[in-house]
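Note that the chains are named A, B, C, D, E, F, G, H, I, J, K and L in the order they appear, and that numbering of residues resets to 1 at the start of each chain.
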C-alpha cells in the first residue's frame, strides 16, 4: 500500500511570494505545492496538502487525517510560537512530525525563537526557503519506508 | 423555572478516549456528556454542551448563551493557558464559571501551570479524569440553587 | 479616486455597551460604526468595517483587502497581546496601520501591557473610549492625504 | 474492611468562620468537620481529621497514618506554597492525595499561585468554600472504591 | 469661564526639528506650539505651554498649575520611562492627563516600552509626529466639555 | 481600661547578645524585654512578650491573643522572609501590626530584602538595634491612644 | 557644642496635606517641620530642613552640609527608588543617615519596594505618617549622643 | 578532652529505608546512626544524634549544643532549601558545619538545587547514600583534630 | 572548477555509534563520513571533513579553509550552546553555514535549546540522525550551484 | 581652526579627592581639570569643562555646545546608569562621545554594570582613576584629527 | 583484576599551592597526587591522574580511558560551570563520576553555584580542600567494590 | 631593571584586517603588534605578545609568564564573555590586568555586554579600534612605573 503524507501550511503562507520576500522568498505556495506533489509522485507517496489561517482548523485537519497519514510535514508559521492546541493535536494523534520553516526563525524577533512544536517533532528544518519542504519530504520518505 | 448550565469543551477534547489515555483516561467525550446529561436530568437542570477546536467559537458560544446560562462549566483545554479572548468573553458575560481539567495540569509541562481563566473563575477542579466534570456539576447545582 | 480605510474590530467587541462598561463605555459597536461612517462620508473616504471573534478571520480580512485598503485601523482586542498571526498578516500586506484601544491597556492586568502590534504600527491610541476610533480616523485622513 | 481517609487542615484554619470571611466563608471548622464525618458515615468510610499550625506536625501526622490511610485529603493552607517538607512526607508515604482549598488561590497574591503539592497530588479542588472538602470526599470515595 | 489646558514638553524636545528627524520629524517645537495655540484659540480654550529639561521643574510646573488647569497634555520624553517623581506629581494634583509621544515608543529600544505615566493617564497617543499633540488637544476638548 | 500590646520575637532572638553582634548588638533579649516593660509601665500599657523558634507557635500566639491585644509588635526574624503562615495569622486577626528588625535587613543578603509581612503591616522599623523596639512601642502608644 | 541634624524632604512633599491623603495623611509639611523644630529645640539639637523637587539639589544640599551635619534624616520620596546620584552623595559624605517614609512603601506599587538608599542607611522607618519623622528624630538623638 | 560532634537529621529522615528507596537507599536511620556511633567510638569522638521534623526544633538543638559541639554534621533535608531560621542558628553559634545529603540534590527538582546552608558550610557532601554521613565524620575528624 | 564543502564535527562526535544511541543513533562517524564522501563524489563536490574536541581547533579549521570553502556544514555539538569563538570565526570568514544536529536539540535539556550559531546560519537541520548530514549536503549542493 | 572638546563631569564629582578615595582616588577635580587643560593646550585643542549635579543641566550643556564641540568626553557618574535624558541629548546632537569612569564600574554594585550611554559612545574607558580622562583626551585627539 | 580509577584535574589546578591559598589551600598538586597514589596503592587500586587546562583535552582523556576506567574522580575547576562538552563526554562513556571541589563553590561568585556536571554525577564533594580528593577516593573504593 | 608587559590576543584576532572591518577596522594584527613594540621600545619596556584561539592556551600563557610579567594587557575576544578559566588564571597570578576591546562591546549583541574579566581588571578600554591597545600601553606604563 502506498505511504501517505499530510502537509499543513499555517497562517499567512497563502500570501507566499508577495509577503516579505526577504524572509520567505518569491515563490508562490501553489508552485511549492506543485513541486512537492511531483516529488511525492516520483516516490510513490500520496500527498494531501492544506493551508489554513485558523488555529482551530489546523487542529481539525490533524484530527481528520489521524488514521490516514503516516507522517505529517507542518509549517505552523505564526502558530509555531503560540499554539498549545496544535501541539496537543499532534500529541493526540501520535504520528511522526517534521517541523518546517521557510525562514531561519532563529535570526528574527526573539519571540520566534521558541517553538511549541519542536520538542515533540521528529526533526526540524529551518531557513532553506522552499527547499525546506523538499528536504522534509526527502527525510519523510526515508523515515516512513524504514 | 429550571436552572441552566452551559458546558464548553475546548480543543482536542473530541478525541477523548483515544488521545493520550495516560493523561485523559479512556472514556469518550460522548460517554462523559451522556453521564452529565443524566446528572442534570436528575437534578432538574437544563444542560447544553458544546465542543469546539476554535478559540473564536468558544467566544461566540459564550456570547450567544449569555442571557440563557446560569453557570458555565468550561474545560478550555489548550486555550486555558493562552486565550485572553476566552477570558474576556467570560469577563464580559459575568456568569459564574467553574474551570475543569481532566488531567492534573500542575504535574505536566510548565506552560500548563498558568491558567488565563483561574483567577476569574469561581473555582477550579483539576486531575480527577471524567469525575472532574461530575464534581463541577455537583458544585454548580449547589451554587445556582443558593 | 477616493481613499479607502479598513476598520477591524477584534474579539468580544460585538458586546460593546453591555460588556464591562467601566472599561469599554456604554456605547454599542453599531453606534460607533455609524459615527465612523459619517466621519468617513464627510471626508470623502470609503470605509469598510469588520468585527470577528476569530484570529484566523482577522488574518483573512487583512489578506482580502490588501490591494484595496490605503490604511488599516485595527483594535485587535484580546489578540493584541497574543497574536503573531495578525502581526504577520499586517507585516505581509505592508499597509500603514493605526492601533486603537477603547480602554487604557496600560492600567489593566500586566499581560495587557505588551502588544504584538504596536512596534509595527504607525501609531497607537489607547484609552479614549469610542473617541479613540474617531481620533484614529482623523489621523488616518491626514496620513493618506499626504 | 472499611476504607479510611485522613483529613489534614493546615495553619490558621482553626480560625475558620472568623478569619477573612470574604475569602474563607463564615462556617467554622468544627461545622465542616461535622459535615465531613456525616458524609463519611453514610458512605461507610472511616475518617480521621487533624488541624495543626506546625509544618513539622503535618509531616508527623502523615508519617503516623501512613499504613492506616487509603487516601489523604489535605488543605495545607499557607504551607501549600512553601513546604518541601510536607511534599516530601507525601512523596514518602505514597498514598493518593487530594489537595483542597477553600478560596480560589489563583485569584489572590501571586505567591499563592504556586503549590508545592499540586504536581504530586492526584487532583486539586480550589475555590468552592466548604464545598471543596465535600467534593474531595466525593471524589475520594470513587477513587478508593475502584 | 474658559477651559484651561496645561501642555508640558519634556527633555530634549526643545531641539525638535534638528534632533533625529527619522524619529521626531522636521518641525520645530515653536511651530508645533503655534499650531496648538491656534487650535486652542478656535476652541475657546486657554493654553499654557512649558518645555524643560529638568525632572524637578516638570514636577513644579504641575504643582504651580494644579488649581488652574482642567487637563494636562504631557510628553515626558525621556522621563516617561524613569520618573516616579513626575508620576507622583500627576497623582498628587488629580487632574486628567493625556500622554503624548511624537515617535512610536514601542518600536524603539526596549527601555522605551515601559511608561511610568501610562497607567495613570486617561489615554495615550504615540507615533503620529506633531499630529499626536493636535489629536491630544482634540480629545482634551471633548473631555473637558463633557 | 488599659491598652494591651503583644510583642513577639521570632527564631534565634533568644541568643541575642552572643549571636553575630556586628548585626544584632550586644544586649541580651532579657535586657530589651525589661526595658520594654518599663516603657509600657510608664505609659500605662499592658505588655505580653513571647519568643519562639517555631513558625507554628508564632501563629498560635497570635491566635490566642487575638481578642486581647490592641496592637502587635513583631520581629519575625528569619520567618520574615518565608512565612506565609505568620502573614495569614496576622491577616486573620486584623490587629494593627508594627514590624521591627534589629539589623538593617536591606543591607544584608538579598533574600532578606523581601518581607512577607511588610505590606500588611502598619509600619516598619529596621536597623536601629534594640532602639527599634522602643521606637515601635512609642509609635504603638500614639496609635492605640488615637 | 550643640549637635546638628539635616532634614531633607524629596519631591512632591511640599504638597503634603492635599496630596493623596489616604497615603500621606492630612498634615501639611509646614506643620510637620514645626513639630520637628520643637522636638529639636527641646533636645538642644540644631535642625536645618530643606525640601526640593530636584534630584540635583538634594545632592547639593548634602554636599553643602557635609561638614556641618552630624546626622541626616531623609525622605527621598520618588527619588528613593531611582536615584543613584543621591545614594552617591550620601556615600560621599559618610554621615549617618536615617531613611524615612510617611506611607508604607511596601504596600504600594512594586517599583516602590526597592530603595536605592536603604542598604547604606543606618535604619529605615516607613509607614507611620508624620510620626515617622518624629521617631527618626528620636532615634537620631540617641545615636548622635552616644 | 574528647572531641564532640553534633549530628542533625532533618524532616522525613525518620522514614529512611521505606521512603523512596530509589533516592534514599534501603538502610534505616537507626542503622546509619549505629554505624556512625561505631565510627565515632573508634576515633574517640563523642557523638550526639538528633532527628526532628520541626524547623524550630533544629534551631533549638543547635542552640542547646552551641557550647558543647566542636562540629555539626547536618542533613537539613527539605529545610535545606527553605530555612533561613536554620541558617541563622548556624550563623549564630559559629561552629564549623558539614552539610550532608543522601541523594544527589542536583539531579532532582530544580527547587532542590539551591541550599540555604551551603555557602556558610565548611563543605558539602551530596549523593553517596548513607556513605555521605560516614565521609562527613571522616572529614570532621580531620578538621577537629587539626 | 569543482565546488568545495567543509564539514566540521564538534566534540564527542568521534564516539558516535557507541555514545548514547537513543539520542545519536548507532552509526559510527566513519560510516557517516564515508556516505557523505560518496554523495559529494556523485555531485562532483570536493569535501573535507574534520572532527575535533577543541573549541580553538574548530576556530582554526574555519580560518585555514576560509578561502577554500564555498560552504560550511557544521555540527558544533556541545559548543553549539556556549561558543562565541566559533560564532566569531564563522562571522569572520563570511562563508554560508548550515548547522546540523543528529538529535533534536529542542527535546532535550533546556540549555541545549539555545544555539550561538543558528541566527547567523543560513539554515538549521536538527533531529534526523545521520540523515541530517545528508540533507545538509543536499541543500548545500543547491545553494552553491545557484 | 582649532578643534574643540567638551568635557562634562556628572554628579558628586565636585567632591573628588575627599569622596570615597578607595574608588575615586585622592586627586581633586580642579587638579584633574588643570592637567586636562595643559594637555589640550599642548595639542592645540580648545577645552571647555563643566561639572553639574543636575541631570537636566547635563542635557542643556550638551544642547548649548552642540554646534561648537567636535567631541564630547563625559563621565556621567550616577546618571550613567539611569539617565535616558542624557542619552537622548547625546543622540540628538550627533557628536562623537567618549565615556569615562574613574573607578571600574564593573567591579562595584550590579546596578553600576549597566550604562545607558555605552552603546551609543564611540568608546569607553573605565577604572584608571584620573588617568581615564587623560587617555580619553589622547584618544579624542587622534579621532578629531583624522 | 585490580580496579581502576581515572582522576582528572581541570584548568589552573597545576598552580595549586600558590594560587589563591585562601580558597585552595597551600598544598601543591604534586603533593595531593602523591597522597592519592598512596591511598590507591594501599587499597589495591590502579590510579591514573591527569591535569590539563584545555576543555578539549578533558574530553579526550575521558574518551581514551573509557574502557579502562571503573570510575572517574573529576575536579573540572572553571569548566564545571560552563562545559557542556565535558558533560557530554561523561554522558557518552557512562562510567560513574564523582565531582570534587577544593573550595566550597557555593560560597563564592554566583556563577560558580551552577555545575554542568553535578546532576549527572554520582555524588559531589565540595569545600574540604585536598581532603575532598581523599574522601572521593574513599567513596570510590566502596562504590567499585560493591 | 626593565619593566615587562605581557600582551594576549584572544581567538579570531589573527584574522584582523579582513574580519568584519565595520567592527574591527582594517589594520592587521601584525601591524598593531609592530606599533606596540615600537611604543614599548621607546618607553624602555619589554613586550611579549601572544595570539591564540585556544582558551586553554591563554590560561597556560598566563601561567608561564606569571613571574615574568609586571602587567598583562589582554583582549580575550570571544572568551571575554564565557571563560571562567581565563578569569581564574588571572586571579591566580595576581598581576594587574588591563582589558582591551577593539570594538565597543556594549553596542553589539547582548551576550557581549557581560565580561567575565572586567570586575577583576584594573581597568577596561573598549571601542577605540587599534588605538585601544596603545591607550592600554600608555596606561600600563604609568601604572608599572608608580
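Simple rule for what comes next: a residue touches a chain if its C-beta (ideal position, glycine included) is under 8 Å from a C-beta of that chain, and two chains touch if they have at least 3 such contacts.
Since we're looking at a predicted model, the values are computed, not measured.
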| item | value |
| --- | --- |
| Where chain A and chain L overlap in contact partners, by chain label | I |
| Chain pair repeating E-J, as identified from H-K, B-C or F-G when over half of the contact pairs by residue number coincide | B-C |
| Chain copies touching (chain E, chain J) - same or different residues, decided at half shared | different |
| Chain B-chain F separation of Cα centroids, rounded to whole Å | 47 |
| Mean-CA-position distance for chain L and chain D (Å) | 63 |
| Residues of chain C whose C-beta touches two or more other chains | 54-57, 82 |
| Each pair of chains that touches, named by its two labels | A-B, A-C, A-I, B-C, B-D, C-E, D-F, D-H, E-G, E-J, F-G, F-H, G-J, H-K, I-K, I-L, J-L, K-L |
| Interfacial residue positions of chain I with respect to chain K in the complex | 10-12, 14-15, 18-20, 52-57, 77-79, 81-82, 111-112 |
| Chain G residues within the chain J interface of the complex | 54-57, 59-60, 63, 66, 82-85, 87-89, 91-93, 116 |
| Chain K-touching residues of chain H, taken from the complex the two chains share | 104, 106-107, 115, 118-128, 131-132, 135, 138-139, 142 |
